[in-house]
Each structure stands twice: as C-alpha cells, then as structure tokens.
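What follows is a single structure, and I will ask about it in a moment.
Labels A, B, C and D are assigned to the chains in the order they are written; within every chain, residues are numbered from 1.
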Amino acid sequence: MREAIGKDGERCDPPDSVTTIADLIDWLAAEGGGYALAFADRDRLRAALDQRFVPFDTQLGGAKELALFPPVTGG
Amino acid sequence: MREAIGKDGERCDPPDSVTTIADLIDWLAAEGGGYALAFADRDRLRAALDQRFVPFDTQLGGAKELALFPPVTGG
Amino acid sequence: MTPEIRIQSADFETATEIDRLEKSGGGGISTFTGIVRSDGDIAALELEHYPAMTEAALGTIAREAASRWSLSALTVIHRHGRLQPGERIVFVGSAAAHRGEAISAMNFVIDWLKTDAPFWKREDFADGSVRWVEARSTDEAARDRWQS
Amino acid sequence: MTPEIRIQSADFETATEIDRLEKSGGGGISTFTGIVRSDGDIAALELEHYPAMTEAALGTIAREAASRWSLSALTVIHRHGRLQPGERIVFVGSAAAHRGEAISAMNFVIDWLKTDAPFWKREDFADGSVRWVEARSTDEAARDRWQS
C-alpha cells in the first residue's frame, strides 16, 4: 500500500460528507492513481484510529490519526 | 497400596479360574488384610501388564509381570 | 502481575526469559518462540511495525490474557528490523499455578498477536527480489477460537 | 525425527534443551516446564516411578505426537527422586514448521504424560508428615480431549 501510494503518511482535510473511515477510504480512492490501487480490495485493508483497531463504519470524530494498512503478519 | 500390602512385589500362582486381571484382583482381595484394603476401591486402581497400561478385563495369558497401582500423578 | 512487554530490534536470550518465569512462583511455565525459517531462498526477513501502536496493541492482548487466566508472570517480546534465517522473532512465555492456565494464556497471546499486533513481514530473496508475506485466514480462525 | 526422552534424577538446563529445539529447523518452538510449587508447608516432593515401564510409556506418547503432527524435534524430560520447592520436574518441548503443530504436540504430550506415565508424587511436609498426591479427574478430562 505504501508503495502504491508513494508515501507513508499525510494530512488531509476531507469534506463534511466524510464521517466514517469507509467514507474517507471512498473519498481517497476516488482520487484514483495510487489510492485506487491501494484500496481496491477492502477485504485486505485494516484500520486503526488513534492506534486502536476499529471497523470501517467507525466515526472519524475528533481522532488525530487514522492508519490504513494490510492485514498484519507478525509473530 | 504398597504401604497397605507391605511389599512392592511378589510371585503368585493363582488357580486356573483366574484368567483376567479383574479375576486376579478379586482372588488377592479375598485373602483379606492388606490386599482387601489396597484393592477396596477399583476406581482408584490401574493395571499394567508387561509394562503396558491395560483394562481390567485383559487376559493374563502368558504375561510375565502385572503391576497394580493408583492413578499416576506425574508431570 | 504486570506483563513484561518488549519491542526491540536486538536479539534476546530465551534462557533469561524462562529463568524469570520459573522464579515467578507458578507451578507451570509455557512458552512459544518463533524463528525465521531457513527454507527456500530467503536471505533475510524484514519486520516492520507501526511504532505508535505496537506497544499498546501487545499490552491489550497481554492484559486480556491476564484477566482470563490466573498468571504469576507473562512475557511478550517481539523483534523488528532485519532478521536472518534461524534468528528468533517472537517470544511468549507465561507462568501459572496450573498447566492449563499457563498453556492457554501462551496460546491465546500468540494467536491474537498474529492477527492484532501491527507487524508486517517482508521476505528478501537471494536474487534481490522481495515479497510481502500474505496474511493467512487460518490465523484469524485460530484467534476466533478464543471469542467467548 | 527421533524424540529425545530422558528420565533422570539430575536437574536439566532449560536453555540447553530450547537451544537444541531452536536449531532443529522448525519455525515454532513450544515448551512446558513443570516446577515444584512453593505453596503450603511442603518441604520436598518425592517422585517415584516404575522404572521398567517409564521409558516405554513416554516413548509411546512421544511417538503418537510425532505421528499426529509434523515435528522437527520433540523432547520429553521427567525427573524422579527428591525435589525441593522451585525445582524443575518435567520438560516438554516441540519444534515444527507451524506454530499450531508445535503447540498442539507440546500440549498433547503433557496432557497424556499426566495420566499415562507411571510417576507418583508424595509431598513431604515440614512437620514430618507425608501425603501421596491424589490424581485429579480434570487430568483425565484434559487427556480425553485428544481422543480422535
């Protein structure tokens, strides 16, 4: 994902219609290019909001950091 | 058990009617004394014939050694 | 009982960790150690993590284990960075009065760690190619056994 | 893969045993170590066994584990004789390509060993009294989970 998008973090300012993580993913993917590629398969995407795993329907609210990444493979 | 019987092994020559381990236990228990005490609770008795765990209905056959002991508590 | 959690690039001594677990007063100690496999043409394993989140994620898993079983000690160590085949990656060790508790806690922690700690493995091959390791659905199934 | 089985009165070094398992080529190593508990007024634990049978019984359990899971190493060590609180009694360690196999094999061996290896424990108390440890029905239940 990082390789598809070409960066490992950014500040962004989505429109008011973006309220959940799913909304934000859709909004970023609509930009096309690396985002569309990175977010093509939602089953292979995980989200952490302020460093906690959360489902995609979670409200962004006042969270400071959203992390999107592939399923983990540690251990 | 060993403390009830007062020895940790013996040779014995049961009558022909004794064919299984259960028969032998009954025959020994009938002697009374330490055997009756040691074999009072069959649920707390285990048998190994020629060094293998076996159920009480196993035929003695030509086995060389029968061991009777309480449930094991190792590990 | 405060779980011992470490995230480090340096190697660790399994013996030292087990010694600490054995002295915690429990009657049973159970451990799992993960090693970089030597099969194929893998020259090295590169382990990335998400530093801001890693310690919190391992802490959550360890505290959940400590709430489910009565443990006298619990240790979780996970390495990151570049590891050679044969090197240790991860260690989970638990101590409890009874063996069932120690084994279950160890198994719970490694199962959850596999799916809920932010680490990613990249295999670097002898020919210079690299491959990000794919998550396995069997790992999520192993974790979901623990849902109560 | 030939299981390593030892029945001995001498102590063993957990580190040495784990080192051997780690070098067997498996990706996962899982261990269980049993320790004489320090609770109560126990001055020592006396471990008796039935020498003619012990090695065969442990061998049967180890071979069954090796036939159920694909292991690169399996070690079973059980001590006998007089042990002080805090001393190691038993060690089971397994190595396999996948963690599930290593953990299951370790758990299988210790569960079966508890009910099917001819060892008996006697607790010797500080006041000179002794007590043979009673078998627990939970141990037979733990073993019977493995009946397939």
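What we mean here is this: contacts are C-beta pairs under 8 Å (C-beta built on N, C-alpha and C of every residue); 3 or more make two chains touch, one makes a residue touch a chain.
Predicted model, so just to flag it, every value in this text is computed and none were measured.
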Smallest count of steps, each to a touching chain, taking subunit A to subunit C: 1
Whole-Å separation of chain centres (CA-atom averages), subunit A against subunit D: 48
Distance between the centres, which are taken as Cα means, of subunit D and subunit B, whole angstrom: 26
Whole-Å gap separating subunit C and subunit D, where each centre is the average of the chain's CA atoms: 23
Gap in Å, rounded to a whole number, between the CA centres of subunit B and subunit A: 70
Interface hub residues of subunit D, defined as touching at least two other chains: 34, 99, 110, 114
Of all residues in subunit A, the ones touching two or more other chains: 75
Which pairs of chains touch, using the document's own definition: A-C, B-D, C-D
Residue ranges of subunit B touching subunit D (in the complex, touch as defined): 44, 48, 51-53, 65, 67, 69-75
Residue ranges of subunit C in contact with subunit D within the complex: 13-15, 18-19, 22-23, 25-39, 86, 88, 97, 99-100, 102-103, 106-107, 110, 114, 138, 142
Complex contacts: residues of subunit C adjacent to subunit A: 34, 47, 49-50, 52-53, 56-57, 78, 89-90, 110, 113-121, 132-135
